[in-house]
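One chain, chain A, appears in both complexes that follow, with chain B as partner in the first and chain C in the second.
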Partner chain A sequence: MTNATDIAGLPGRRSSHGSELVLAGLGVALACVAPFWLNGYGLYLLTLTAIFAIVALGLNLLTGYAGQISLCHAALFGVGAYATALLTSKAGWPYLVSLPVGALLTTAIGAAVAVPALRLKNLYLAIATLGFGVVLQKTIFEWRSLTGGGGGLSLAPPTIAGHELGATGLYYLALAFLVLGLWGAWNLSRGRTGRALRLIKESEIAAASLGIHIARYKVTAFAVSAFYTAIAGGLFAYLVRYINPESFNVGLSIGFLSMIVIGGLGTIGGSIVGALFYVVVPELLRGIKDAPGLVFGVVLVMVMVFMPQGLWGMARRFLGRR
Partner chain B sequence: MGRLAIENVSVDFGGVHALKDVSFAFESGSIVGLIGPNGAGKSTLLNCISGITRPTAGRVRLDEAVLSERNASSVAGLGIGRVFQHPELVLDLSVRENLMIACHRSLGYGLVSELLMVPSVWRREREAAGRVADVLRRLGIADSADAEVRNLPYGHRKLIDLGRALLMDIGFLLLDEPIAGLNDPEIAHLTELLFELRREFGFGILVVEHNMPFVSRLCERLVVLDLGQLIADGRPADVLGDARVIASYLGEAADA
Partner chain C sequence: MKDKFAEPVLSRRAVLLAAGATAVATVAARAEEPPVKVGMSGPFSGGLSLLGQGVRDGVEVAFAEINAQGGVGGRKLVFIAEDDAYEPMRTIAAARKLVEQDKVAALLAVTGTAPSAALLPFVTESKTPLLFPYAFSHSLTTPVKRDVFTTLPEVRVQMRVLANYILKTLKQTKVAAIYQNDDFGQDAVAGLEERFGRDKIPLVKLPFDRGTTNFSGVVAQAKAAGVEHIVFLGIPKDAALVMREANNLGWKPQFSGHNALGDPQTFQLAGPLAEGALAVAVMEPLDSDKPAVKAFIEAQKKYKSSTKPTTYSMHGYQSGKLLAEVLKRSGGKSDEPSLVAALEGMKGYDTGLMAPITFSPQQHAGALAGAIMKAEGGKWKLITGWLEAD
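Let's look at the complex of A and B:
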């Protein structure tokens, strides 16, 4: 998993991508054999990293590429978790079907709320998405007949083709989705959507004067981002096997944003590094008596002060790639 | 051949009359200079044509299409290219990629094909890259194709902005202070280039510029705005000799 961070980031490196593909292949290979060395908790953390990395990939498309901030991604993560869980546990659908269907459902909800929000910018957009997040979270909370409300939802282990999916199985499933997500994000970032989003972030007027339909692209970015986030939510539900609306609060949204900022805005590699940092560093700090949270906060400040382009941007610079 | 017509256009910004009942029209293939002192409404007029600013009264037409009822991206789709005073480029993308952005409409593949990078996407990207290479050669900056824009001099950046417009299959080109910040050889190169491009592509050019030698050399017609009103319209020699124009603008320019 660690080396999956080597997958190259920015769209349009002018160098050939051969070496980056080799690194990506090595990373995936390492991620595939990692479970053999890890205990149960280590595997849990690695699975969580993969899940958060999927969110970070999606959020980076919206925030890093298109420049649109969102504080409702935790809620979308939650809607994805609940949609998948309910379709699987209550409707009895196969997990591998309810996962994408739940994600599409969440995407539709996300895109619908995005339409008015994306007329706004910067702080105003942040506050509007914060509001949507609260509405979604409270809807899950209040809709007790469906979601179980504040009591949460306990889930049985998922099954695939009649076989129960254990911790290792779920890890590989998350890894498979991460690889697919990487591939999609890589393609998108280098194609016409990624290029259009980059210019929209730079100057909406310039983008419009090249015939780019701004609103449509912002909604597209939001929808794709919501899809990634909801898939991750559906995986997360069955990683923890107990979900509660309280988990999907704005604190987690800020956590998602910090992942992409720490990793590197507008980079694909940064999404992976950021998720890894967010999950692993607090674990490493656990040994510190009394105040691991405080140290984590200080580490965040240091990263931002000394590496404003994020860990991935720093690594690129260090390796002389740019 | 197309005709771009500004018809009785007025723009008010909260009681300030940026443009008052301005009318003129020109055909594709012609080069028209739009001059006037600062605050005369030149940029507002360009914004009205591009669909960025909506006229309070009057309309802008491209042949039968009413541009002033459309948004900026739709106006661009009808073949109105805009080159900004300060080129708005993505600094950490290469020159080629910045130009690929302008192939946006012609690429036309869908989101899902793009996510999956199906072969037809590859093919279209390659075709677009070919057109970009042609434009880069045409502008004389083919050597910079792979350079990051942030490493390029200002003059090159302005050419890239012009290149984006060329990739859009335009009938009219709006240039906002194209030579501001350029040195003399760059100005000479741009002047020749604009003549050649006009001949090749046949588009009409509306250029806002303060540099009178450049404007007189490039344009066959000048339109003068002052305080939002059209005060002169004609051949450069006649317009630049007009008493009102001298009083309102050229006197000021001479002082400056």
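Let's look at the complex of A and C:
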């Protein structure tokens, strides 16, 4: 499973970091000015992209780097959304406090998923997380007194220091979290943890023989991934301002997985490109009457056939880096 | 995508300009007045696509028919339908595209309870009329929202109509409700209980989980409780299973249910066991002899012969016709204040397809009435007129 992107991420190739930083800076600058020439529709899609990119970053650490497949990320996303929404709307906490606290709660749950994950691999892990996701989704559904059940929860716009956070404000907040998330993922993936996770993906036996504490790293990966996903969920709740348990289904979990596979497994840039693809392409295909889903499926197949390393891997090859 | 976000989304001038531009491009020189554009979001893909496509087909039939007769006051109707696969986040994207990019005057017949609920903040803030969604939820019109108008009676209203009929006309007092234990089912039972409670008559409540296929327990409990009437609140497939289960016990209680039971597929699923069952009708049955129903079926054959008339397309068709009526009353004006004013002035308007519709500034749920239909000879037949809920 060694591929070009993995090698590029190893410490020996530090020379390439300069240009990547320039690229990242350019991207952030572009994202900062985007609201000035977008209408509400465009801004909504861009905010959604930023939110999904945060999920993809977290999931990529777990799946792309550590090789652990999760089908419960939509449910974790939902728990993050509900935790933030309930802390804000029912407990009356400030949004900027309930967002990280809600995410920490979800992280504890993510770490709990990791316990069975220590014993399971591949498809078995996928099925176990699938079941766990259903349990979480059902819990939100059945816990009516707290969550409002299947009828969903309508939310008032969030406020920060007494000021109502409008669409543009929420976009910048999501962007700020995305930049923080990028910085975190960058550091994590390039350090000891990233190397350990990659080795666990290649061979757990080899990793263990090198003294890597597999259980600890797997739990770390699950927890960090859950934290990213829950922050994104808390942002999502206040972007859509209506959450219902049915939205956080397995279909969305598969959507998250497809984002990182399309973008590029085990790459940071791939997380962003994948999220952008997942949000924007179906919108571009709206013009095709009756068959946008079909066309989206065909595009997916083409990306996978012609760009097995994802869109990001393809972009890197064009930029001349093997 | 070039408009600044801060620009008022539905200024009359913007609508007219955009509509004018399209008129030149699409309707050519034939139309003297700019067309009225309305948009819809619904599930055209995924598990509920039959529902979304049905409603969409109905609106398209109505618009084709109205445009063939010259439109409303010389203005043609233009319809743009967007897929959301029943995902609220995509519904919002679709609605924003329709309102901010296509500059539609209103959202018509948005399909689905959760998608409609998700649109409430957006339509309120952008002042976009959300007209006649295919949804049965309480929150759309309670409390009243300036831009939201519904025609379909929510399930609580249906249950009050049914309970009235059971208690007053059938004079049955030993009644059990077998209901799907989710939001829909609990909402429905609350409606029944409210009416039964007023007469201090007990209601036996027997919940079941969505997705279960074994109803022997709840049916046996109902029989043991000595009831004579079972109100079933769930999908027709499960209703058929309950009817079979009762039949296996050699027991023949009266069955009834909400509008979903009153569907032709109940007969395919339950066969002769469905005979004699009652259901609340929110619209006329498809095989009704009423001229408005016949005209609808003819119109669908004429303008969209590849599709079949369904209860969904009937709702879409009626929504399209109602919009035309609203535009006629607003003098052809399609800006938000004119549309809302015209809607709020509608009193007892009869489309012939459902109970008369009345809106007022205090009441945006158009019909608080239903009728009772009975399964006879493999068809649903109305056996009462439109009954008010209270």
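One rule holds in what follows: the second predicted complex is superposed on the first by the 306 of 322 C-alpha atoms of A that agree within 3 Å, B and C clash if a C-alpha of one lies under 4 Å from a C-alpha of the other, contacts with A are read in each partner's own complex, and residues count from 1 in each chain.
Basically, a contact is a pair of C-beta atoms (placed from the backbone, for glycine too) under 8 Å apart; a residue touches a chain by one contact, two chains touch by 3 or more.
This structure is a prediction, so every number in the text was calculated from the model and none was measured.
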Practice item. Examine A:S203 and indicate which partner it touches, taking first as chain B and second as chain C; both and neither are also allowed. Key: first
Check your understanding: Of the partners chain B and chain C, which touch A:P94 in the superposed model: first, second, both, neither?
Key -> neither
Check your understanding: Given the touch rule stated above, what does A:R195 touch, chain B (first), chain C (second), both, or neither?
Key -> first
Check your understanding: Touching A:W37, do we find chain B (first), chain C (second), both, or neither?
Key -> second
**Study point:** Which of chain B and chain C A:E283 touches, first, second, both or neither
**Key:** second
Check your understanding: What is the contact status of A:T168 with respect to chain B (first) and chain C (second): first, second, both, or neither?
Key -> second
Exercise for review: Examine A:G131 and indicate which partner it touches, taking first as chain B and second as chain C; both and neither are also allowed.
Suggested key: neither
Study note, to complete from the structure: As the complex stands, chain B meets chain A at residues 50-52, 71-74, 76-77, 81-82, 84, 88-94, 96-97, 100-105, 107, 109, 111, 114-117, 121, 125, 146-148, 164, 168
Point to revise | Touching residues on chain C, where the partner in the complex is chain A | key: 1-5, 7, 9, 44-46, 82-83, 85, 87-90, 92-94, 96-97, 100-101, 114, 117-118, 120-121, 126, 137, 139, 182-184, 186-187
Revision key, fill the gap. Chain B partner, complex, touching residues on chain A are 10-12, 14, 184, 187-188, 191-193, 195-196, 198-199, 202-203, 205-214, 220, 224, 322
Study note, to complete from the structure: Interface with chain C, chain A side, in the complex: residues 35-45, 48, 141, 144, 149-152, 154, 157, 167-168, 236, 239-242, 244, 246-247, 282-283, 286, 290, 292-293
